[in-house]
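Please see the structure below; I have some questions.
When the chains are written out, they are named A, B, C and D in that same order, and each has its own residue count from 1.
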Amino acid sequence: MTEKLRIAVVGAGYWGPNLARNFRGSPDWDLVAICDLDRDRAQALADKVGGARVVTDLAELLESDEIDAVAVATPARTHHAVARAALAAGKHVMVEKPLADTGERGQEMVAFAAEQGLVLMADHTYCYTPAVLKIRELIDEGALGDILFIDSVRINLGLIQPDVDVFWDLAPHDLSIIDFVLPGGLRPLSVSAQGADPLGSGKSCIGYLTLPLENGAIAHVHVNWLSPTKIRQMIIGGTRRTLVWDDLNPQQRLSVYDRGVDLELQNRDEADRRAATISYRLGDTWSPALPEREALGAMAAEFAASIHEKRPSRTDGEAGLRVLAVLEGATRSLDLGGAAVPPFDERILVGGLS
Amino acid sequence: MTEKLRIAVVGAGYWGPNLARNFRGSPDWDLVAICDLDRDRAQALADKVGGARVVTDLAELLESDEIDAVAVATPARTHHAVARAALAAGKHVMVEKPLADTGERGQEMVAFAAEQGLVLMADHTYCYTPAVLKIRELIDEGALGDILFIDSVRINLGLIQPDVDVFWDLAPHDLSIIDFVLPGGLRPLSVSAQGADPLGSGKSCIGYLTLPLENGAIAHVHVNWLSPTKIRQMIIGGTRRTLVWDDLNPQQRLSVYDRGVDLELQNRDEADRRAATISYRLGDTWSPALPEREALGAMAAEFAASIHEKRPSRTDGEAGLRVLAVLEGATRSLDLGGAAVPPFDERILVGGLS
Amino acid sequence: MTEKLRIAVVGAGYWGPNLARNFRGSPDWDLVAICDLDRDRAQALADKVGGARVVTDLAELLESDEIDAVAVATPARTHHAVARAALAAGKHVMVEKPLADTGERGQEMVAFAAEQGLVLMADHTYCYTPAVLKIRELIDEGALGDILFIDSVRINLGLIQPDVDVFWDLAPHDLSIIDFVLPGGLRPLSVSAQGADPLGSGKSCIGYLTLPLENGAIAHVHVNWLSPTKIRQMIIGGTRRTLVWDDLNPQQRLSVYDRGVDLELQNRDEADRRAATISYRLGDTWSPALPEREALGAMAAEFAASIHEKRPSRTDGEAGLRVLAVLEGATRSLDLGGAAVPPFDERILVGGLS
Amino acid sequence: MTEKLRIAVVGAGYWGPNLARNFRGSPDWDLVAICDLDRDRAQALADKVGGARVVTDLAELLESDEIDAVAVATPARTHHAVARAALAAGKHVMVEKPLADTGERGQEMVAFAAEQGLVLMADHTYCYTPAVLKIRELIDEGALGDILFIDSVRINLGLIQPDVDVFWDLAPHDLSIIDFVLPGGLRPLSVSAQGADPLGSGKSCIGYLTLPLENGAIAHVHVNWLSPTKIRQMIIGGTRRTLVWDDLNPQQRLSVYDRGVDLELQNRDEADRRAATISYRLGDTWSPALPEREALGAMAAEFAASIHEKRPSRTDGEAGLRVLAVLEGATRSLDLGGAAVPPFDERILVGGLS
């Protein structure tokens, strides 16, 4: 049996407790420390999970030989500094989404982890839910055929964040999921973003992202803090079947429709014959059973496995970068009134993402 | 009692039968003729509605003194010619959506009807449904407050049309509804359209329309022929309340949520105090009862009333033009890779829409 | 090609027009006459379906050689007299549900039709819907295994009928469906009925029917005129799978759940080991595609086929009798304060139902 | 400020941890001890809630002056013995549902608590949910008018219990809720129960309870362990409005329909005029906002308040007895093949419940 890895959670605010609880419950990990500038907050969390060393100084934490890895749940603008320090100290790192607050800093983190030979994992939690794991499996095995479109809606009456807009707050979920399920990851041809701030809050509260993909396919994301009705739905249309994921319907989260439009295109130029060659399939619908399993538990296991097996984790730093690239593209597109922009700016492209 | 008006339906294809049936059943109208180039199709429709004169020649129909008005249900590219001929012959005209196949032709129709002193009505059927009439009433009486956003989704496994893309096929519904319920009509600051044709059909089968409105508000429309799951939902967010219209839920089509985000902005420049002034209302939800009434019957009544009262109908030619302007804008935006374009091109603007 | 059969519809009230329209549209039938005591009503219906002979005198209609069959849509208390006269005149007969107003009269009709060698069909319309045909098919092929329970709910804000209670008004639908899908038909061991008349209308407006079946299975029906929310749902639990039919969800009427409780009973007497041998299956859900097809058209076709092939129709008089027996049982149970009663009273049993 | 009361939780199995967690989090209570025959289980629970004294001997626990009250979460068959011992030791007692395993023992507990001047509270948790509290409030203020019917469905793929049938396992929820919301509590005129055990488990796995109420009203409960689809719905029809509670729809748990059937009965004997005097209201639907609040917290507060104020709690022992009476009635009715039985057997009636 493999020995347990030892981890510290850095940041005891909103997300840290979830990480701490799951590492504590994991058979792969020993949760050894909680680190937060606010000692009381760190102590309260340590108590809640049944005890752990409390540290307020990151440097002190990282000096210690007692830990193999850190999980970073601090504000996004500090991710780069914290992760870099941890990597420099030889620790494997998992970082809450988004990987960093700029693509450039994210790029730097990825490069440094590679240099150090350490695992840098993006905490794309949704990717470890049974629903998303099943979607990836279905796409991988060809059940949907080639992907034609992805339409994702994530709207709710949400807390208007003081420092980020609705794209940076909510869209990382959708983007990381799309990145996870698409073979080859999310590599849009361009990014365009439309936003609105009808309350005058100083940032977009309603956002639409359009991401043309290869082969004429398209992904579109609608995020909204102002909707009184909550919708979390993703439709993934393929040449063979179409999948609908309704995350708020626990009795039938996934539905796979054996329905679609078929287009025979042998006679492309004979326009008047074209209509005749369209056909519809109206087949059965199928809803795969999903195990009840907490995503964070599976993520903790994957973090451990990628360290033991010396391989990138399934949601590695590169995945985090691809999400970041789209978010930065969205910001640039917004600045340009919604124009389509390349998904990566020059500086990042120079570094090379592929 | 007012005498009945006499009408002919031109076009006996997909939509004509619905018009014929409703004019036949209307207390305001005598359906006197069916006109179609295909005599058998015209005759079959005449039989089905209990008899009417059958005509294959439009000129012959329009010469007759027996008719006061025509309802045009021919392909969009013929709307201009048919409507112009009818107006020239002194007949009032109702035209199936879209009003014309180009904004310029629509503009010309509107101007000519005004010259002739005749009613030109757009057949924006949805506007006469009990749900849309109630939405307009709620907005008019201030129940929603100022409009912040409108998000409309109309997706289904739909017939790929041989001659028009998904914007021109489906979005006229959403646009005419938004035009009808917004005080002052739909007058977006710009139009941007994102489309995809992943099957290579030669036209967009999936479309997203973004329409920034005054005061930071936004309207967005998602139309899609390739979705195996059918959604027809419009969310209208206001400063006081938010309305959700789910047209596929006959048991509760309209829900008015007394929920929302309030933002106190007295201290706009003190950014760090801003978060503290956000508050939420989580009030009751209310679903108004709607009468069961066929929209086309109400539309026939409105057509008659606008003729009798010598006033524009509630969905007049101008409304048709506003819809057309957005559709043309969408086409231009698509050509420009999704860039935001002014909603009206110069030629139309010269004519003056406001 | 078989020659068309000729039919007359007797009764032009609520249901007659549906029958007339479907026989008129059927490739198997010529609709030749409409018979109603009220000539205007008969004429109006004849006009609406494109013409048919109008008769007010049943005897005159039945004398005619022009008809092969009659479809009876008169009030239930007249079914026996009308059907008997038609059978005596050598006509095949289809009768709207319920077959008759008493089991005895129904029994007499069935016996007389057999004597005359004519088809007597019960108009159990629901049995010809795509959903019910599919349910029967699934049960026949063993997809559900042995039936464990059937729970049917049919509630709505309904018209309080002047002459019948909610059992006789609504439950024939549920009972005829259950009879149709159960191999061997609906043959309950007993009937008990609980009713309530909280408005003091003089009859049950809310009703519950309990029907123990063989092998410990049970069927239960809830009918209710006073519910503001409309539910039409049937759950059919089997040893292998369970089916849920939600008739108000056109996007997914049928769901087949590969879930259930398995009970290993090898060690029946070792009570303390029993709990350990319960196991659960939590498999996939599957929703078969259903064709869009009007039930009455399929019923008209079945009526013609059973006449041509000289065989009982799929919903024959015997099926009508089984439904009637439960309805009569319900009435007797209500009189006895809800006690379980045998499903058939002696007189009917003497005639023999099997 | 009132001093905190001190409580011990007896029973660390399925439900005890929920009680312990809520008493630990309550401002009214100090959780001082966990008592369970299994020391490890007790210790594990004590650790989980941040520490408490662990006791394995009930007598030892009750001798202590350190506790004012006990919360009993042991198997139902032990409720009487545990509660009696606690009451004898001068402790206030809260007992998990059902109050006891027989009505007679429950009766004895209630009488003894009264004698001792101590609070005996039934843990009818659902009654403290925001939804049920709101339903009670609506009925109290007359929003529904007089109650006409209550239909409750609680079905799910459930664990087949080794010692109790589906009535005793699930129906206490429905019955305690109905008891709580009906002014005067649940006092049916009779009880009849229909059950089925199609798997041969030795007890009913599917159950239907019919409870005629005063003035022609009726309550009906459907409980089922074998349904693959989960439904928790209660419809409460009144003369003024009807309420639907869908506990699995967090976005709209309660809907109040201003719809119904009105029956004018001035001319009761003129039967033929009766139909004309039925009228329908088809008014709006309204869904009250509900606070997010854990029921067990509210219950802990009520337990404390009833002790401080020396008054019966809102779900007192009498409420527990009324539920028990129906459960016993159900068992007797089952034994009699579903016949309606009086809700209380003689022995209980002698004691006098009203």
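In this text, contacts are C-beta pairs under 8 Å (C-beta built on N, C-alpha and C of every residue); 3 or more make two chains touch, one makes a residue touch a chain.
The structure displayed is predicted, hence computed values, not measured ones.
The fewest steps needed to get from subunit B to subunit D, moving only between touching chains, is 1. By number of C-beta pairs in contact, C-D leads when B-C and C-D are compared.
On a Cα centroid basis, the chain most remote from subunit D in this structure is B.
Subunit A and subunit B touch with mostly matching residues; of the residue numbers seen at this interface, over half occur in both copies. Distance from the subunit A centre to the subunit C centre is 53 Å, each centre being the mean of its Cα atoms.
The centroid of the Cα atoms in subunit C and the matching centroid in subunit D are 39 Å apart. Centre-to-centre separation of subunit B and subunit C, using mean CA positions: 44 Å. Residue positions of subunit A touching 2 or more other chains, listed in rising order: 229, 255, 259, 282.
Chain contacts in this assembly form a complete graph, since each chain touches every other chain.
Within the complex formed with subunit D, the residues of subunit C that make contact are 148-149, 151, 155, 157, 159-160, 162, 190, 192, 194-202, 205-206, 208, 210, 212, 215-218, 220, 222, 224-229, 235, 237, 242, 244, 255, 257, 259-261, 263, 265, 268, 271-272, 274-275, 278, 280, 282, 337-340.
Across the complex, subunit B is touched by residues 252, 255, 258-259, 282-289 of subunit D.
The touching residues of subunit D, when paired with subunit A in their complex, are 47, 50, 229-230, 251.
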